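Following are the structures in question.
In the two assemblies presented below, chain A is common to both, partnered first by chain B and then by chain C.
Now for the complex of A and B:
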């Protein structure tokens, strides 16, 4: 009897948090849906309801397709390359080598900087002629005249993806490293007795047991990639042209430069759906592959 | 119980102490005011009149002000340091809290503040239809009608018009800005350019001479997309407008379109500079600071920029040289060169502010033409003054300024008549040309026109 009373009162304790959650999280999201069917410009108090015109314009215009393509490239490359590099680093740093604590710290340091700092530093690394890479190549006697990482259509997107990976590989590595240390020694020994080489041990023992870490890492970098904004914003302004416009960057530009809050809200909703669908599918697929030790 | 009483007494004592201190503070303020009034009275009889009429002298008021720009690199910044101090001296009961943000952040932040009803009392608006333009701000009811300020007869008519909505002023122009070409006189001589180019073929020829002499003719910062406007609008001034000054009015009425051959020619001329290799290589990888560095280091002979960047362009670099400034002669031979000139951004007052009257008094004081505040303002202002009797601030701009004043051949910056977003579309599309894609000038104008039609709702 007593416990039900307790339960009811306990709900009251959740109330303040719930109110805040509804007010500052759910309500603004509701507003987003409202604005997506208006021509709200972001500051004037009067606006008109224009039905689904915003969505229609988006599907007809080139921005949506271009941003989705850039975002998907960004995501796929950063998920695949980021996880492979992270796994490789974790395997290396899991070996018994001298000074492994030092190496582990070194590879985690980039994660500790904010994206603004990293983006700023890297735009100087990439700078044509006098940037770090160009200067280094010149020292080696390799001509670096046409080196223009951020200013060329073919390389700009991949150059910022590289920075994204460089910054996040620390986190990925730490999670894999933790996963590797939970691999029981007896399983590894049993594998060796059965005649497994290092590669077979990795393929048939370590990787299946790392499935949880792989799920976590993939999901994290998937979400990270799909909502990529910082590096295009800091390093390229979405340029050259629109070649590094990601979904979120396009929303920002539409809302704050072009003053089309309504249309930007509509794009926000579309991105929201895309991100949810992709993440859900990925998580479901990977959950099936997990095994327990 | 006892401790509680003790605590209470303690609080009481503290509160009294604070009250006493506060009293001292306000007394000091009043003394200052008296001293000030006496001083200015001695110097100038008319200056003491507004002092005595300062109202609400008892009531403390905090005015907030937000402007855009970057803090002055050395010493005191006008908006951040000088203005609050001088306003406090003049109006002891008024505390002016100021903040200054770079353009982009300012645009975002001020719109949010205004929309949520928390706008500052004094803020910074841009002429006509530019981003955060005075027309938008007046129409949305955020900027106050400033017709009753006292100094309008001292401000040039053009500057007043550019800050007006339906015939009434809603902003006070900070001055006048020119777009032009900063150039390195020594490098020009070195390349054998004896005569300043007066038309487009001559300009191309000069660029060719520089290039042949192994000097990069023009430094541009295409990594910052907006930089493109500095060249483009100077060409448009000579290409689109000379025989059709009302082009943009027709455009807004739907009688003209941005796909007009004149705009195609404008884009083509800009493209020509890139095609012929006159623009610094890899310009898409250079930001504005880096492009300016190329110029002040003497590595590039010219840079397209505006009068507001005087300090950056005259900064000390790796090379010592004499600077010059001219309007880009994008005109055909035999035609006059049009100057690209536009009213600069300036102050607006928040129509919804409780302190609108006091803000107006502060503005009247700032623009009274003789106060210390006015002098500090004219000294720190990088734009060319539109206030009667204020001399030209930098000798470097004399030639262009004279031509503007004497011949009156000038065109505003086109984006002031476009909705925000059209210039950005032009930049994004033109970047494809710079990046070596097969985009044609026609495609650029088509994209601009599509964006214009999407955004222009009147």
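Now for the complex of A and C:
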């Protein structure tokens, strides 16, 4: 069954998927490298090779640094806060409480909404004067005139990160819950007999056994954060100013609204490298941790 | 040894008897507190959706504060939204797009994973990582050359064009799930009988292996189906005709309305209409939604 002929025919099974993958995923990345050294504008059929001018422009301009900074903040906050909230929710809904099945289901609901709908809903929540938060505060008699979550430089980015967390926390929670269900009861019992309080049980028994869930959740939200696009696009258009410009949103804007395909491709290459390096380092670190835990 | 354990248990029970009464009260208090915390979190978490639901149930000209929950029950905003987003055709477009994409993903990913899981060689390991690496590539980046490429290849921009991207984009995660599942859950031995009967590889795969992959197929259908159903981005790029728009793209027509309070009733009705199909599917197939999400993560 392991003859070489067999092996070769078996590889044919991967062919259809490989054709799609090479044609629509890998080949375009190659093209991106080519465009990154041209002044291609997306429409004219002819373009000139201009060497590394695009890269030089990017490193000298402010867009690159600003987008990297915003993307890193977006990623770190959504990974850390998203996982902590998801874990907390999972621990809470793993306790013996009435109606926990119902609570689990409804916590999952935001995950089912399209990003565009979520963006619309939260634009309403954050809106000054008549939005949900402002109206609440007015009802409570707290002045809310200066409140402009999406319109102020200091809060816009964190406001959309919160939306990202809100949308994804259901998935994170479900994966943690599945992990918690694999924690054997007699191990918890043994821990209790040895005098572990709830905190020590969490730290020394549950968390090490949740290593796989933590790795999965962290990796998923890390990739999600580094690729952040939806909420800057739907809710803020990268603004105010450039305060919510993420890398991917900057690429999109550069290519499709400013018609600078060449420069956008160069930014794409840089983003691609950043995403790959950060993801690879994180995965390697977590794998090592997971083995030793 | 057994008697030692026995006395140990006895000793433990002794102090417990003293504090039983106060212990019970404390436990009541604790569980009440936990229940309260959970409910508070749920309310905070879902209040935006409750307000959206309540506002959507008002007639379009009711401009009272949305915080006055459910002060009117009317479906006229729904009627407006229904017409404005061409719900009927948008829904059918979504069904067709998602349906075809998911079927293709299942067939392609399951088949591709079979050699990656069965063959132990450098090449199959490379192929596995090669597909997996696609996870980190953002679709928006790939799109710059894709638009150009699709034009050059003469692929017409129809309502089916996004399927190409949906399928490709889904392959990394789906092959990851399938390969992991076949490696750990489908031993080669199950194929032996078919092998002895002389069944060809293709038949062996579809009649023996594939039926055993149902749990992970459900997982692929749900994880990929949800994002494809909800995607607006690839649709926005390739679909230009309103009649071809699936639901999320039809929502794009409401862009800007969220800044105008007089439009909220209809906008929120549209939001609810857009989310409704998945909400209904979730309420009936909850077990599969939750199970499908965790198949990959536990085996991982």
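Methods note: the second predicted complex is superposed on the first by the 286 of 293 C-alpha atoms of A that agree within 3 Å, B and C clash if a C-alpha of one lies under 4 Å from a C-alpha of the other, contacts with A are read in each partner's own complex, and residues count from 1 in each chain.
The rule is simple: a residue touches a chain if its C-beta (ideal position, glycine included) is under 8 Å from a C-beta of that chain, and two chains touch if they have at least 3 such contacts.
Small disclaimer: the values here were computed from a predicted structure and weren't measured.
K.L.:
Kindly classify A:32 by the partners it touches after superposition: chain B alone (first), chain C alone (second), both, or neither?
P.N.:
A:32 sits against chain C, while chain B stays out of touch.
K.L.:
For the overlaid complexes, name the partner, chain B or chain C, with more touching residues on chain A.
P.N.:
C
K.L.:
Looking at the overlay, what does A:284 touch: chain B (first), chain C (second), both, or neither?
P.N.:
In the superposition, A:284 contacts neither chain B nor chain C.
K.L.:
Once the structures are superposed on A, label A:229 by its partner contacts, choosing first (chain B), second (chain C), both or neither.
P.N.:
second
K.L.:
Let me test your reading of the model: by the given contact rule, A:140 touches which partner, first (chain B), second (chain C), both or neither?
P.N.:
neither
K.L.:
Go through the superposed model and pick first if A:42 touches only chain B, second if only chain C, both, or neither.
P.N.:
both
K.L.:
Tell me which partner A:108 touches in the superposition: chain B (first), chain C (second), both or neither.
P.N.:
So A:108 only meets chain C here.
K.L.:
Between chain B (first) and chain C (second), which, if any, makes contact with A:127: first, second, both or neither?
P.N.:
A:127: touches chain B and chain C.
K.L.:
If you lay the two complexes on top of each other, which residues of chain A touch chain B in one and chain C in the other?
P.N.:
42, 123, 127
K.L.:
Please name which positions on chain B make contact with chain A in the complex.
P.N.:
It comes out as residues 107-108, 111-112, 114-115, 131, 136, 139-142, 222-225, 281-287, 290, 419-421, 424, 428-429, 431-432, 434-437, 454-455, 457.
K.L.:
Along chain A, where are the residues that touch chain B in the complex?
P.N.:
39, 42-45, 57, 123, 126-129, 145-153, 236-243, 253, 256-260
K.L.:
Could you please specify the touching residues of chain C with respect to chain A in the complex?
P.N.:
That would be residues 31, 34-35, 37-38, 41-42, 45-49, 51-52, 65-67, 107-109, 111-112, 114-116, 118-119, 121, 123-124, 127, 131, 133-138, 140-149, 164-165, 167-169, 171, 175, 188, 195, 201, 205, 226, 229-233, 247-248, 251-252, 254-255, 257-259, 261, 264, 267-268, 271, 274-275, 278-279, 282, 286, 289-290, 293-294, 297-298, 300 of chain C.
K.L.:
Please name which positions on chain A make contact with chain C in the complex.
P.N.:
Counting only chain A, the residues touching chain C are 1, 6-7, 9-11, 13-14, 16-18, 20-21, 23-29, 31-32, 35, 42, 89, 92-93, 95-98, 100, 103-117, 120-125, 127, 130, 132, 135-136, 139, 166, 171, 174-175, 178-179, 182, 212-213, 215-216, 223, 226-227, 229-230, 234, 248, 251-252, 255, 261, 264-265, 268, 271-272, 275-276, 279.
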